[in-house]
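Chains: A, B, C and D, in written order; residue numbering restarts at 1 for each.
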Amino acid sequence: MDIINLVFVFVLAIFLGVELINKVPSTLHTPLMSGSNAISGITLVGALALAGSDNEIVSILGAVAVGFATINVIGGYMVTDRMLAMFKKKEGGDGK
Amino acid sequence: MDIINLVFVFVLAIFLGVELINKVPSTLHTPLMSGSNAISGITLVGALALAGSDNEIVSILGAVAVGFATINVIGGYMVTDRMLAMFKKKEGGDGK
Amino acid sequence: MSTEIIDLVYIAAAILFIVGLKFLGSPATARKGNVISSIGMAIAVIATLFTKGLNFELIIGGFVIGGLIGAVVARKVEMTSMPEMVALFNGFGGLASLFVGWSALKATASPEVFFLVTVFLSILIGGLTFTGSLLAYGKLSERISGRPFVYAGQRIVNSGILLAVVVCAVLFIQNPADQNWLYLAVGLSLLLGVMFVLPIGGADMPVVISLLNSFSGIAAAAAGFAIGNILLIVAGSLVGASGIILTNIMCKAMNRSLSNVLFSGFGTVSTSSGPVIEQGEVKPMSADDAYYVLEAASSVVVIPGYGMAVAQAQHVVKELQELLEHNGAEVVYAIHPVAGRMPGHMNVLLAEADVPYDLLLEMDQINPRMETFDVAIIIGANDVVNPAAREVESSPIYGMPVINADQAQTVFVLKRSMASGFAGIDNPLFFKENTRMLFGDAKETLGNLVKAFD
Amino acid sequence: MSTEIIDLVYIAAAILFIVGLKFLGSPATARKGNVISSIGMAIAVIATLFTKGLNFELIIGGFVIGGLIGAVVARKVEMTSMPEMVALFNGFGGLASLFVGWSALKATASPEVFFLVTVFLSILIGGLTFTGSLLAYGKLSERISGRPFVYAGQRIVNSGILLAVVVCAVLFIQNPADQNWLYLAVGLSLLLGVMFVLPIGGADMPVVISLLNSFSGIAAAAAGFAIGNILLIVAGSLVGASGIILTNIMCKAMNRSLSNVLFSGFGTVSTSSGPVIEQGEVKPMSADDAYYVLEAASSVVVIPGYGMAVAQAQHVVKELQELLEHNGAEVVYAIHPVAGRMPGHMNVLLAEADVPYDLLLEMDQINPRMETFDVAIIIGANDVVNPAAREVESSPIYGMPVINADQAQTVFVLKRSMASGFAGIDNPLFFKENTRMLFGDAKETLGNLVKAFD
């Protein structure tokens, strides 16, 4: 039953992801790519738990994962923000 | 942990429902309403399990639920289909 | 069937529901979407039947009775009565949730708090949905007056009932053995459904039904939490969310807020309210004279409204369209999002009469080119073509987007009298220079026009 | 912090990711969306740190090192090198999934089959993502040749590797104690990533990166299944799905299929291939003469391409725009979806130069009114304005939607030579009656134009 719940979550998230991204203008493809790339650094959360293990091999492997995932997360969000900071609208217009 | 999975499913399904329905043209509001109404007859599945209980009260209440839910399901889908059967496009055009 | 297989079928069913809902959102695929969604329901039910140790006698009884009622009603109902049918079915869905919750409660020896809360929710929301939907059904089918029933302190009374329900919930959850609190809460929730729908006018019922539809989804989801059935949660939440969004889309189309719909008793005023700004001469015209105008027209826009539904004039409209087209004119229909008494009302009626849906233009498509039409034929529409919404700031419908029929070269208005429409306000359009009134039942008037063509 | 609270935080984080992704889909809200999503990440990480019994030394080590590298690289990188940066980060994400899977495997004494399968998936997809992304990085940053590397039997070799991986998987799962099969599989998956990206040309890298991004999401989701962490599943699947969809949108914009992008080695041909249909006289023009034309123009459309990126001409373009506007002309930009070497390449560059994004029009908006422009200035674009895509059926790019620059009154083409663009085909536009070539580096040419205005 537990696995089936996880599968349900998986299926729903896939459909939701598809709905969310469909029809994004090409203007935003690159920042969208790097922004969602940063989200995939969520492995960090999984890595943290493992890095805290008593078993030395486990915790070292986990710590390595923490390191790489952190690069992905920090770097990804910062790069995306830098890109998006440059998207400006002509003053006075309203959002579209 | 089990409850939390269910809550995750709930949250994802809510967001998905919102994304799916946003921007539907008003032409389709009534059939959409009755079509999704039919889906809410899914309680039928819950009712079935209860109607099969050994406990007499439980099974009678369950059977009553089966009856009402079946009206909702059968009636809902049929009415929706009748409505939609009448939506026709001018011959020769392609779907839009 | 092992539970793993049942679970897999449930996942497949959930996917079918999702895909079905998506397809329901576009005219070209909507019917397929409904079929897909019904297949999802079918496989879910069949898989559930394979659960071990079911009592088939009772189940089959429920199936047969419910299925027969549902099928017969769905086949017999008139196309014009669709909205009340949807309301009725929705009410039964709510009632089913109530019974599922109740039954689950009886089935559980030592319930936990989480279970009790969700059971309580499914029973209450189910009950409220039931009576609310029944009342909506009554109002729409005109078994009871469609008038909004408003009295002072309404909100206070309703809040009081809601508070009482919460108190019952707390008392019940603290001592689940004593089920009197539960029964009291059920009674209160049934009452709440009635009190909630009473102050809302018949013409606002579609919004209410959509909202109640959302509630029935939430009730199903709550029942799913109670009995730990994930498919109920998924399907229920999908419906819950889509109902809310649909409600919201409808309110936007009417340029009103949800709370205005629910609490304001819109439609109470039945006679003219504000000062009539632009009076003038009303120019009646006979069908024969109108024929000559139509005969010469090369482009015609038909604007139907609630009166077309009352007169059941959709078939004769289609006849007229064909005659006009035969005569070389372009004919399109302009459909206002809230024309009639339910969203898409006009679309359903015209579809019944085999009018292709690509001739039905939305307001935003038609308004910019309204001036290019030789004739606008308004068939039993009133509020949705009222220029006061554009011109008269003091009008209760000021700001509502309308079809600018008055900008066509000539305007024909087909209605029986000078009476006002649903919003109960005067319509300056009737007095405009280029307007001609064709008084009488729309079906008859159109019939005369058709005869003139033959 | 109790696990219940952590779970609630996880739900909040999932909601923030969803809302963040939604906001990322519209220019006006994208930056806010990225912040929202990063807040989701932050609260998820912080909540996880409250899990009992963590070994903080190692964790902090990982944080500090990874955080520093990420932050420094993200700050230092040139705007023009964004695509390769994204590829690199993506590779690290894949590597992290590999290590999480591996670590989880070591942490589990008697693993079940489901666990083993998911661990295996997270390791393999993670590994493939890692090397594939590294190679994409190398090609984009021109550390290695961007040329597609194609050889006969490529697909057979790749399928062979994939098959070998599956065999390893089966053997490993049957006897998880013997981890040699796993190590072999890891090696093979690293190899597969390389082999997969090798045959793809540098200019197709954005599609590949988007696909690898999707893979890294799937790897995270697989890791989530392995360690039973639902947030990993949700976030991973969201990214997995959105990456696939994005890949698909990009392919559509280039009018090519995904398999054409992945397997065809597009861009291999570096010299003119087909017969040149429309030859004629090339009419070069000096910047000074061009100035007089621009001075008299009342509407100008700027069409940038890859050459603008090479020349780093975005700032001087903006200068010219302001001068033209000052001179009373309307200036807009026409952006082809695959102009440059990554999707949105032109948008990012022009945004860097502070060009307001509502001046950037998409192809479909600009083509219908192209004739109304006095001058079209093409800055280092070639394929995306090639009329052969419309006119020459034998052309490899026939059918690709292009910007119809040739329909403007006068066309200025700023490039260094008569060389072809990425697709390696001749461009009949250069020989048209109304085309003038302004040879030279785009930045220099534009600089001369600006000087002429002063």
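The rule is simple: a residue touches a chain if its C-beta (ideal position, glycine included) is under 8 Å from a C-beta of that chain, and two chains touch if they have at least 3 such contacts.
Everything quoted here is computed from the prediction, not taken from an experiment.
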Greatest separation from chain B - chain, by CA centre: D
Winner on C-beta contact pairs when B-D is weighed against A-D: A-D
Chain B and chain D, separation of their C-alpha mean positions in angstrom: 40
Chain centre separation in whole Å, for chain C relative to chain B (CA means): 16
Inter-chain centre distance, chain A versus chain B - centres from mean C-alpha coordinates, in Å: 33
Touching two or more other chains - residue numbers and ranges from chain C: 18, 228, 230, 234
Contacts with two or more other chains, residues of chain B listed in rising order: 1-2, 5-6, 8-9, 12-13, 15-16, 20
Chain contact topology (line, ring, star, complete or other): other
Touching pairs among all chains present in the structure: A-B, A-C, A-D, B-C, B-D
Contact set on chain B toward chain A in their complex: 1-2, 5-6, 8-9, 12-13, 15-16, 19-20
Chain C contact footprint on chain A (complex, rising order): 1, 4-5, 7-8, 11-12, 15
Contacting residues of chain C [partner chain A, same complex]: 3-4, 7-8, 10-11, 14-15, 18, 228, 230, 234
In the complex with chain D, residue positions of chain A that touch it: 2-3, 6, 9-10, 13-18, 20-55, 57-91, 93, 95-96
Partner chain A, residues of chain D touching it in the complex: 17-18, 20-22, 24-31, 33-35, 37-38, 41, 44-45, 48-49, 51, 53-56, 58-59, 61-63, 65-67, 69-71, 73-75, 77, 79, 82-83, 85-86, 88-90, 92-93, 95-100, 102-104, 106-107, 114, 206, 209-210, 213, 216-217, 219-221, 223-225, 227-246, 249-250, 253, 335, 337, 342-345, 347-348, 351-352, 354, 356-360, 362
